[in-house]
Amino acid sequence: MRDLLALQNLPAQDIRDILDLSQNLGEILDRPIKKLPTLRGKAIVNLFFEPSTRTRNSFELAAKYLGADVINVQKSGSSVEKGETLWDTATNLRQMGIDAAIIRHQVSGVPEQLAGVLDVPVINAGDGSHEHPTQGLLDVLTLRQAKGDVGQLKVAIVGDVLHSRVARSDIWAMRALGAQVVLIGPASLLPESYRELGVEVTTDLREGLAGVDAVQVLRLQKERQSGGEIPSQWEYRARWGLTAESLGWAKPDAVVLHPGPQNRGVEIDSDILDSERALVRQQVRNGVAVRMAVLFRLLGGAHDEQ
Amino acid sequence: MKNIALLLDSDAIRRALMRIAHEIVERNHGLDGVSLVGIRRRGVPLAKRVAANIALIEGAAPPTGVLDIGLYRDDREQRPFSAIDATSLNPGLINGRVVVLVDDVLFTGRTVRAAMDAVSDFGRPQAIQLAVLIDRGHRELPIRADYVGKNVPTARAEQVRVELEEVDGADQVYLERASEGDES
Amino acid sequence: MMNSERTAYRIQGARVIDPFRNFDGVTDVWVKDGRIAGQPEPDAEVVNGDGLWLVPRLLDMHVHFRDPGLEYKEDLESGSKAAAAGGFTAVCTMPNTQPVIDIPSLVQWQIERSRQLGLVRIWPIGAITKGEAGRELAEMYQMAQAGAVGFSDDGHPVADSRLMRAALSYSAAVGKPIIQHAEDSRLALGGVMHEGAVSQQMGLGGIPAEAESVMVWRDVELAGLTQGILHVAHISSPGSLEALRYARNRGLRVTAEIAPHHLFLTDEAVREWNYSPLTKVNPPLRPAQVQQALIDAVRSGLVGVLASDHAPHHADEKAAPYDEAPFGISGLETFLGSVITLFLGQGLLSPLELFAKITSGPHDVLRVAYGGLVPGQEADLTLIDPRVQWTVDPRTFYSKGRNTPLEGSRLTGRAVATMVGGRFTMRDQEVLG
């Protein structure tokens, strides 16, 4: 493994290894001194071309806990804003000695392209509607901690699956581990072709939630309404919002995930988010553990041969 | 072909660990303030056995912890990636206490150096001591063991194999000599 | 036209494939003073055609030469060299230049410039609407007088149905086709590849095949209403083929072309190229079942024209993130190789049937007369080695655009010599400027 660009086609064993590693590194967050020498002297750049404070902070803390130095490059104020290409920016940073690049970009595939330009590990922190692999990993880690073997679970993903990089990474990770996956949402926001991959697809929340062990609730993006794909947030909530009533259609012990940030009262109600069944805090914590594991996996040994 | 010599059988291992338990109690005037920390992998069952032995002597076992020093290695860049097992330590186990690190073989001393760094990230021990089943020499750092099961003079190219019931299914320690023409 | 060196040639031993006369057989061809000659010429240079095919007047009716205004992508000289290297003797240049070719003087300028270059016949396509803005008709009659062979707002569809109706009505009077880039822009909005399983997995915005066919159906209806001449550019969807069939059954003057990349590649190429925008083209590469329907449409004769949609871009532009890179494939220099490999390698068409799609087929669409290899006709011909195997290496292109997802592909067959007006413009992959 040189890069982490996507979970699609990542062998199940690699996913399990990263989950085990994440599980074992999680305790670092509780240490009085969270500054290990593991990646001491490694310089990592966070290239965030799309704003995301939480994911950036999570990666930055993960890198710093392992002893690496981190710099943050954002679109605003960077050379990219002055017309430089992203590839030139990255190449220049490489000349300054960076050992890995973490990239968030609004266009799908940019991490893949960047990996073709750089000779150091590239980690995808979310690209367009494509993937958000560390989110997928932290979601299955959270599920595994709460419910045990993910391969025995049926998981619903509710919302704008079509445009969700989180959903895509979740689907690949869950499928690799053998979980059953059902996608639920408005037809205009569901990738119908996923049926061919053995994923259930339905527009009916009640039908979709029947018998599921976990529900991943996706964030409803405002632009879906302006793009005409849904009439209003309230109409969306009425049909696909996770409420005390609709959660009742899932198994009695079903748990709830949400990648955040949440629109309380739209895709999910506060009384669920604030209940024991919501694992959103564990997701955030596991995010740091997973990112430490990924950084350690990619930088913590002699370079793998390609 | 490898030339193999048995160094310790299961009885010898049992006696060595009982002696180490006695020495720890004697040196520290009992077990107040003593913690045992087993270094992954084979140091972990060894620490448990020593703790059980101490319980036989003192009527109670000292607290034990588990440490994987993989995150503290100084040679990761030279080795292929290897996974990390769970570490189980907390400041209560370390702060102001005598921490006895337990490992199977003391060789270059680098593992112990890494373990001391790791322990320091959890707190400030009153003292760190070292217990090993085998000391085979060839130190690269100024480190010595406080409790040794058996001192074994070895050549650098030789390998000391420790097998324990909990990990390998049987208790034995043997020395592997590389024979003529054998690379390692 | 073209050049003052007038030499006589005897092309000996080649298999002559002449779709204009429906002729396929080995015969000598004589050339003198720029034209096909009827009898032996004493001082003729003998060109050995053993094992080669000789095809008259290869025409690519859909290319972008970017000149004027976007010469950093391509210019008339580099584009003409690419055409000669690819074996083409005539091309139709699309008008989406800067400024847009929407007045007679710009048409004349392109033709004049091509005469100076003497590498390929350039038959300009004029814009349907002024500035390709889709608001007012351009001066089509006068552009036709100046030499425009058809009209298109290629790159942009004529979205306004009323305007399209007017354009088609007008085309009937001018006698030249309206070449529509059929696309419902709202339906295609945000799309960068074919909408389907691959786009959904790659998280790239999808363009449904229906974004094309809804407009083709509209245009077919308008062609019926107006009795106008409609040619659908780079057709790529099953619905469009159905509309074409409907038009044909009604006896309407509606034709279409298919680009080689839609026949040779599928949307899986986007995955294989791992987000490289080299695969980004509009209409997008389609899935295998659509590809098969397009191949069938060529075989059945429903589609009688193959055209490259040669769309060169600068390497920097094609290195951008997928969403931001421009659409287009540089296609002139892989055109012959890819269609020979596909159709002849698999025996899907006879050579005569295949070459009709890039000779007599487009001539008919454009209402341009050419009699084939008969005495007195312009000596425009191409010698093709149908068996040579080669690997596509864009660094060897004459085009400034090296943007092709066929890079690295093994192809069979390529032009070894091109002659325009009795003068060789290319021999052995060397363009003779």
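For reference, chains read A, B and C in written order, and residue numbers begin at 1 within each chain.
Definition applied: contacts are C-beta pairs under 8 Å (C-beta built on N, C-alpha and C of every residue); 3 or more make two chains touch, one makes a residue touch a chain.
Since the model is a prediction, treat every value here as computed from it, not as a measurement.
Give the identifier of the chain nearest to the protein's overall CA centre, each chain being represented by its own CA mean.
When every chain is reduced to its C-alpha mean, the one closest to the whole-protein mean is A.
By mean C-alpha coordinates, which chain is most distant from chain B?
Here the answer is chain C, farthest from chain B.
Nearest whole angstrom, what separates the Cα centre of chain B from the Cα centre of chain C?
It comes to 76 Å between the two C-alpha centres.
What's the distance between the Cα centroids of chain A and chain B, rounded to whole Å?
So the centroids are 40 Å from each other.
List the centre-to-centre spacing of chain A and chain C in whole Å, with centres computed as mean CA coordinates.
Roughly 45 Å separates the two chain centres.
On chain A, where are the residues touching two or more other chains?
In chain A, no residue touches two or more other chains.
For chain A, which residues count as touching chain C in their complex?
Per the stated touch rule, the residues are 8, 85-87, 105, 107-110, 112-113, 116, 127-131, 162-163, 165, 168, 191-194, 196.
Mind listing the chain A positions that touch chain B in their complex?
Those in contact with chain B are residues 17, 20-21, 23-25, 27, 30-33, 35-38, 66, 296-297, 300-302, 304.
What residues on chain C touch chain A, complex-wise?
196-197, 200-205, 274-276, 316, 319-324
Quick check on the complex: what are the chain B residues that touch chain A?
For this pair, the touching residues of chain B are 68, 71-72, 76-88, 90-91, 117, 120-123.
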